[in-house]
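One structure coming up, written as structure tokens, with questions to follow.
Each chain carries a letter (A, B and C) given by its place in the written order, and its residues are counted from 1.
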Amino acid sequence: METKSKDLWVFLETNEDGTAQNIGIELLNPGRRLADKQGGKLVSVVVGFHTDASVKEASAHGADRVIVVDGAEFQRYTTDAYVTALAHLIEKYGPTSMLIGATPNGRDLGPRLSSRLGTGLTADCTALDIDDETGNIVWTRPAFGGNLMAVIMCPDHRPQLGTVRPGVFKKPEPGEAKAEVVKEDFHVPADQIRTKVLKTIREAAGELVDLEGADIIVSGGRGVGGPDGFKVVQDLADALGGTVGASRAAVDEGWISHSHQVGQTGKTVAPKLYIACGISGAIQHLAGMSSSDVIVAINKDFDAPIFGVADYGFVGNLFELVPALTAEIKKAKG
Amino acid sequence: MNILVCVKQVPDTNEIKIDPVTNTLVREGVPSIVNPFDGYALEAAARIKDKDPDTRIVVLSMGPKQAEAALRECLAIAADKAYLATDRAFGGSDTLATSYILSRAIKKVEELEGAKFDAIFCGKQAIDGDTAQVGPELAEHLNYPQVTYGLEAAVASDGLHVLREAEDGNEVIGVQFPCVVTFTKPSFDPRFPTIKRKMAARKAQITALTAADLTGIDLTRAGLKGSPTKVKRTFVPPRKQAGVVVKEETVEASAHRLFELLSKAHVI
Amino acid sequence: MANYNAVTPEIIAELEKVAPGKVVTGKDINPDYSHDEMPVYGKKMPDVSIDVTSTEEVAGIVKVCYEHNIPVTTRGAGTGLVGGCTPIHGGVVLCTAKMNKILSYDLEDFVVTVQPGVLLQQLADDALKHGCMYPPDPGEKLATLGGNVSTNAGGMRAVKYGTTREYVRSMTVVLPNGEVTKFGATVSKTSSGYSLLNLIIGSEGTLGIVTEITLKLIPAPQATVSLMAPFENLDACISTVPKIFQHHFQPQALEFFEKEILVTSEKYLGKETFPKKLGGTDVGAYLLITFDGNSMDELDSIVEKASEMLVEEGALDVLVADTAPKLKDIWAARSSFLDGINEQFKLVDECDVVVPVSKIAPYVEYVDEIKRKYEFGVKYFGHAGDGNLHIYTCSNDMPVDKFNKQTEEFLSAIYAKAQGFGGQISGEHGIGFGKIHFLEEALGPVNIGLMKGIKKAFDPKLILNPGKVVSL
């Protein structure tokens, strides 16, 4: 594809109600830095239905320009509608590069788009840079289950595409909304959309405690003291968008159901973040969570074995620290 | 019904260790396995065959000769026939090049089988590359509709009904043939090979497809030359440091510090 | 019954001198120390708990307790199933969990020396790194080796390799009076006096405290294959077992179980591993067999012949697990039987009788018949290769007293039957205090009398783990 500008595009994935998913705003953060280095504009590309709120948010978070494709056929993501629309826009405007959020839809869209355009895509990047010599984007991403990091460039094909997982970057500080808004009148006819949603099955609330799939787990142990104590654990989990876990001691005491148990006789988990509150770290519990990427231990006993595996530890009263941490998180999320 | 399942032989990344002296991956002694997600794709095809025994399941892999072991494993589990696309010209391919080669190989296999495939099943991602790109890229090369994050698939009068994972639950997607579906982990385990199938798999003939066999393939789109993305270098991420104890003047300050540390570590 | 003294502040001070900073009392004692994995047999908090770290510490503590008549109960990971480490007379609990170092390997003599708190899994993994295998493979991988030695733990590989007893070369023991001595030697055979070493193995912490163990290792087999043979019913499944040995197959492991308990376990794990229907027939029972050898080629012909035989004997098919992930899955389901039962039932009791292999089928028939008299459910599975059956009584709605009473009756009957068939009441879990009266019934006054004599010879003041194995 022929490059027509030095712009860096950020795909903004919208919800069914037209509001923006966080990732599209988060990526405006590195997007700004990359666009400036590339010497072009930072462009947010909004695709959805009734997308005014998204457009405003993109503008308020630093986009120089917002391109909008709005239509009923875009309300819910489909591969064909989104890939066709984005390919059309990219061919029309010829940006140098584009960032896409690595949400399930993003991972469906990104590679299809790269194949349609005959260009390179680098997935799940954890770091983004510009190579001073060539001006190409330098993409860093994990492979081999995270055991190895690869540094990748796409020197000869355009646009350079990359996906980034939610939470890797923070949203930029909001400011004045002064982006130029370009409304593209582009539609994809229904007969070109080759997949249909036949049925949706929402999870029955409260039944499934998905510990194995959770990215963040906040667990309570004997130190929590009782079922009421778990409220503090639940609040932190809620603030983080995580799942509540428990040690066997807490489950045996009847403070929480077995479906939350982590450990040798419970579930084995490997989340990105495991926060152990009032858990001593008996070997049977460690067996269930020691593969977590980052482990935080909060316990009043500095001798507790959990500190041996924790990346970050706080020795003290969990009923003081955990609510304070919950407050910090709520403050940051705004 | 004809289903083609793409499989990749990968190192078992659970067994990979880091050499503490050179800080590089230790690959010797790491067993090679069928990419687990491809195993789920094969299981999905096998379940369709359970319901309709006339279904034919063909497996295809792109790789070096040793990948035959993975293909035999698939034959022992549920596949009827295996093909291996293997040629030095294919080496060094990134996902775009790989998916292009696979698309050409599929065309050749259809020619040899004398029938077109109704569905192409793939695993969502390979556990060594972790990109999850080959499936959708392949679908684009073939110009077939795609469904990703599939859990199970069933044949219906109007095409394929795929139960897939969505962000807030599951959904059933309807798609017509021919289509590409990529699979993720369902709630059931893939089946075990039976002794009879294992014996037969051992003796089975796996058809090799070289670049020359893939008539019409544009080799500038294969291998390193055909790969838009280039790996500049790799490195082993720094090992976990010993634990940091957070202890500020006040609990609030400690909470703030912990929050900062976790944010910097990109976990919240 | 001995008279024990209360633990006074003076005694605590003496213990402090031996193990400064480690003596824990009162509310600070970890509540886990009051029981093992079968709290149904009762809980009791000790007066003092000490996480010991050396033989000298153990000896010093035991000496203080010996002088003052304080009971001493030793504990590893607390995974026992008969109340063996429950301090029913209070006193001191010594926990060996911190003595968890693998001290040294001698690969010329093929032994490894470990502290008693080393976990089975820890040693198993470490031995493999040295190209060796520690053959005993009890189900509880997070039990300590000290605990394994105390109960002569068995496990799934016993059918080919034998039990823990076969692999203990020597040990350092602290006697009930605080003296330290050594039993055994790194030799393969001995005829050098009474085997004090073998008395300790399986003595459940009542004769001495083991503070260091030298264990025999074997070269690790290079290839392992597991076969899963589904049968229409348990009878067809178990009858195959003696034939496996008659055909000279030497499986590393040979397990059988009914569909019911498998379903419980799969529900607990949240995933289905084993097929429930094959070629249109519902599966009623499964046989799980593992073969090990020097290479996959060597195993291929064994696997082929074994599979032929199994199908001839009525197996619906034979499924093969020869890759690491598949082996893990197959055995994960098997390892979770007890966890599945514990998760789904409030009241659980168990026994692990052992009967001659040829009697497994009629014994199981008997159990199936008499279980109908009782309100609780009965689930079982077994090490088919050595006739060791794990039988569980489980209930969610019976009142505790009724459950205990009926379980008592049921267990009496099946223990008696096991003896009648020429078996014993415990294959590997031990006696603790949960099974004392059954042991007395089973062995009778003559043998129990001899056991009591041995106990008195080692521990005249009866301070080591009192109330267990034999009651004095």
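In the analysis below, contacts are C-beta pairs under 8 Å (C-beta built on N, C-alpha and C of every residue); 3 or more make two chains touch, one makes a residue touch a chain.
Treat the numbers as computed from the prediction; the structure is a model and nothing was measured.
Chemist: Using each chain's Cα centroid, which is most distant from the centroid of chain C?
Modeler: Following the centroid criterion, the farthest chain would be A.
Chemist: Could you compare the number of C-beta pairs in contact for A-B with that for A-C and name the larger?
Modeler: Pair with more contacting C-beta pairs, A-B versus A-C: A-B.
Chemist: Mean of the CA atoms for each chain, then the mean for all of them together: which chain is nearest?
Modeler: The most central chain, going by mean C-alpha position, is B.
Chemist: Can you check how far apart chain B and chain C are, centre to centre, with Cα atoms defining each centre and the answer in Å?
Modeler: Chain centres of chain B and chain C, defined by C-alpha means, are spaced 42 Å apart.
Chemist: Which integer distance in Å separates the CA centroid of chain A from that of chain B?
Modeler: 23
Chemist: Roughly how far is chain A from chain C, centre to centre by C-alpha average, rounded to an integer in Å?
Modeler: It comes to 46 Å between the two C-alpha centres.
Chemist: For chain A, which residues count as touching chain B in their complex?
Modeler: Answer in residue numbers: 79-80, 103-104, 107-112, 114-116, 118-124, 126, 138, 142-157, 167-168, 170, 194-203, 216, 240, 272-273, 293-294, 296-297, 307-317, 320-321, 324-325, 327-329, 332.
Chemist: Which of the residues in chain B end up touching chain C in this complex?
Modeler: Within the complex, chain B contacts chain C at residues 12, 15, 31, 33, 36, 73, 76, 187-189, 191-196, 198-199.
Chemist: Okay, in this complex, where on chain A does chain C touch?
Modeler: By the definition above, chain A touches chain C via 222, 249, 258, 264-265, 280, 282-284, 287.
Chemist: Residue numbers of chain C touching chain B in their complex, please.
Modeler: Those residues of chain C that touch chain B are 227-228, 270-273, 275, 303-304, 307, 317-321, 323-326, 329-330.
Chemist: Which part of chain C faces chain A closely enough to touch in the complex?
Modeler: Counting only chain C, the residues touching chain A are 30-32, 77, 97, 119, 142, 339, 342-343.
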